[in-house]
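Two complexes are shown next, each including subunit A; its partner changes from subunit B in the first to subunit C in the second.
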Partner chain A sequence: MFNYTFQWNQALARLPQMLDGALVTMQIAILSMAIGVLLAILLTGCRLSGIRVLQGFAVTWVEIARNTPALFQIYMAHFGVASFGIHFSPFTSLLIGITFNNAGYLAENFRGALKAISDTQSRAGRSLGMTPVQAFRYIVLPQMLRIAYLPMTNQMVWAILMTSLGVTVGMNSDLYGVTQDLNALTFRTFELFAIAAVIFYVITKVIGLGARLLATRLFRY
Partner chain B sequence: MIKIENVRKSFGQLEVLKGIDLTVEKGEVLTIIGGSGSGKSTLLTCINGLEPIDAGRITVDGTVVHDKSTDLNKLRRKLGIVFQQFNAFPHLTVLENVMLAPRKVLKQSRAEAEAMAIKQLGHVGLGDKVDVYPSRLSGGQQQRMAIARALAMSPGYMLFDEVTSALDPQLVGEVLDTLRLLASEGMTMICVTHEMKFAREVSDRVAFFHKGVMAEIAPPEKLFGAPEDPELQKFLAATH
Partner chain C sequence: MFDTALSAHDLLFLAKGAGVTLLVTAISVAFGTILGILCGVFRFQVGPYWASPVTFILDIFRSIPLLIQLVLANAFLGMVLKLRMSGFTIACGVLTLYTAAYCAEIVRGSIGSVPGTTRRAGRSLGMTWFQDMRYIVLPLATRVALPSWIGLALGVMKDSALVYVVQVTELLKSTQILITRLQEPLFLLMICGAFYFLISFPIARFGGYLEKRWSND
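Take a look at the complex of A and B:
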């Protein structure tokens, strides 16, 4: 029954390759968050704009991002668009899929954060002669980002974990993809995936810690 | 000069301003008193164009506030307004609070904006608080910061909407002193207030609002000494 012999050395010998994969995973997560935050700010702007088409666009985005599997979103960004003759590399598709998901979730977090900021704040800005966009940019946005900081950190962790879905679109250079290929090569299934899990764990913990350190620098009030 | 001509304003079914006529000359200090819900705040927010009006006309130095072609952002530089809520920007230091609009709206250089901010903060007695975040300030200090923030735009007019109403009683005095100082320097001011003693002291004229109507307007000696309107008489009797 239980006759699996652990061979950690064989798996650990592959650690450098896996760490290279981890770098790709972090690269995707960081990029997808950076772009995701910008898009989420734009989506928030759309929602606040009072323009129906823009509001509808933002709501649709947020609804799809939050109410369909991330796997589906990544799949659509690869095989879905391929139906229309658009061909992205697995890396690009994975990045687009995760970014789409990030933006949707973050936009919803931002909406919640905005509820905690009194209307009188932007009114005070308008009274000083600022345009609505200036009042948003300089008064509301910084406060919003602070309130949404913790959810943003969580989303960053999600982005890391979501990269594992890349294998479904042929991604093989990220941590999960590398691990899967190594497994096919060596059949050290448990050892390889256990090591991958530890690396995922360490990355997400480091992100959490880094975020907290950054917060003390960013938010002094 | 701020000229208000037959201004009407409704929120849904409720008519809040029922034909207001009022002119404020350069250098004048006008205070507005009246019960809660009589339309005082609404009038101030109509003057700076934060609220649209339904009829009539408001002009500031000849510019029609509610004209489609009027650049309201530009007009508002002339009209400093301070509200009952302090509206400090919590993520900015006191200095940054005051510098923000001059930097972004007037496109002043950092040095220019900073010099002006320090001057105005000194003016309201906050010279030693420039690098502090607003959460560290008392209500009275936050309100004085809001005044300095408005003054840093070099407005021609200052509108004050019950700026002491949200303050603990012991902090009211310091804010009123700041208003007195501005009045003595010749600033054109419209002050909505419940502080009758203050109104009596600083005003050139006092207006009494009742249910969307300006029921009486007169110099303070006359308005407080010999009120004619029966509602004003009741109001004054109740506040003493």
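Take a look at the complex of A and C:
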């Protein structure tokens, strides 16, 4: 039917290398997500703080992260900051780029979640003698994270998909980078990238499933 | 104080790249939305069981990095089927399917948000299925879908930055070409980022405004 011989054996022989790459991909995604959540909480705190400068900072961060391509942000973290004489490794640049993006989107999700938590709750906390930070930490934050759980799992999937952009700044140890290097060696473009696609698909499905299992465990009450 | 080697000619080059970005986005969002509406209505109409093949295929486009989708499509069409297609066509095709995958989800969700009783009331007044869809579901579902659809269209514009892998010189790629030549990464990236931002930000704001306005009544 096709005038093309598929050579899956050649590509499958490289599977262990690709799986190693998948581990790096997971590592970047998880790191960027963990730091991203922390930063997003900070940004949300900045927005709630009522201090103009902090609010402006948070809004600028969120709007830039949401309104420019992720690839642009990674470029900025690699080539942009190089103008200041700061040179990051591809791994760091990729991590910074994705984390910046994650934090922006997550902060927006958190803002949406905050709307669902009534104001009287933190006021009740305040009248019990909590400081504003305590009220945020012990009353608002747990509920906010719970409401924003589903958007957070979506963001995690996005983070996985975004790691493939690292190749543009010279990253060659993540799944996409490894696949591209192997492609340069063997020229089995279709086979190699098809396998990479399957690995990505499996990873995102496993994360989706894992998140759902974790949700039933976490949100029993 | 500030010195740059950027000439008017280079700016024109960037503008061309921006034009390609907008063109790819417009084509893929237009076709993707049509396809997405068809798939979304189909999925809603036949139920989760019979729609599962469509759901599965659309889900693939949402679970694999766009970069890999583009490379795979390029390799499949060029190396396996030996078709001579321009990178632009491939980019538009892949982005159309990508848009359709997300759009189908939005459409399905928004049709589901129309209360069943309202629809049944329409049907019992003697409306056909098509009339019900046209005069009852469409106006109500659009209110739910439009803000997310705006978000999707902007997302596709941002993701269209990846079509450089199939040799389409869009805005970010033309910026990169200029960076290689002029060695002024920060300045050029600023211009490129400002362009994306200036298009995306007002439209995103407008989407947010619509969402706020339509959710209260």
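What we mean here is this: the second predicted complex is superposed on the first by the 219 of 221 C-alpha atoms of A that agree within 3 Å, B and C clash if a C-alpha of one lies under 4 Å from a C-alpha of the other, contacts with A are read in each partner's own complex, and residues count from 1 in each chain.
In this section, a contact is a pair of C-beta atoms (placed from the backbone, for glycine too) under 8 Å apart; a residue touches a chain by one contact, two chains touch by 3 or more.
Note that this is a predicted model, so its numbers are computed, not measured.
In the superposed pair of complexes, A:146 makes contact with subunit B only, with no contact to subunit C. Between subunit B and subunit C, more residues of subunit A are touched by C. Once chain A of one complex is fitted onto chain A of the other, the partner contacts of A:76 are limited to subunit C, with no touch recorded for subunit B. Contacts of A:63 after superposition on the shared chain: subunit C is touched, whereas subunit B is not. Overlap of the subunit B and subunit C contact sets on subunit A: empty, with no shared residue. Across the complex, subunit C is touched by residues 2-4, 63-64, 66-72, 75-76, 79-80, 82-84, 157, 161-165, 167, 176, 189-190, 193-194, 196-197, 200-201, 204-205 of subunit A. The touching residues of subunit A, when paired with subunit B in their complex, are 118, 120-121, 123-131, 134, 138-139, 142-143, 146, 219-221.
Of all the residues in subunit C, the ones that touch subunit A in their complex are 60, 63-69, 71-72, 75-76, 79-82, 154, 158-159, 161-162, 172, 176, 179, 184-186, 189, 192-193, 196-197, 200-201, 204. Taken in their complex, subunit B has these residues touching subunit A: 48, 50, 73-74, 76-77, 79-81, 83, 85, 87, 89-92, 100-101, 104-106, 133-135, 146, 149-150, 153.
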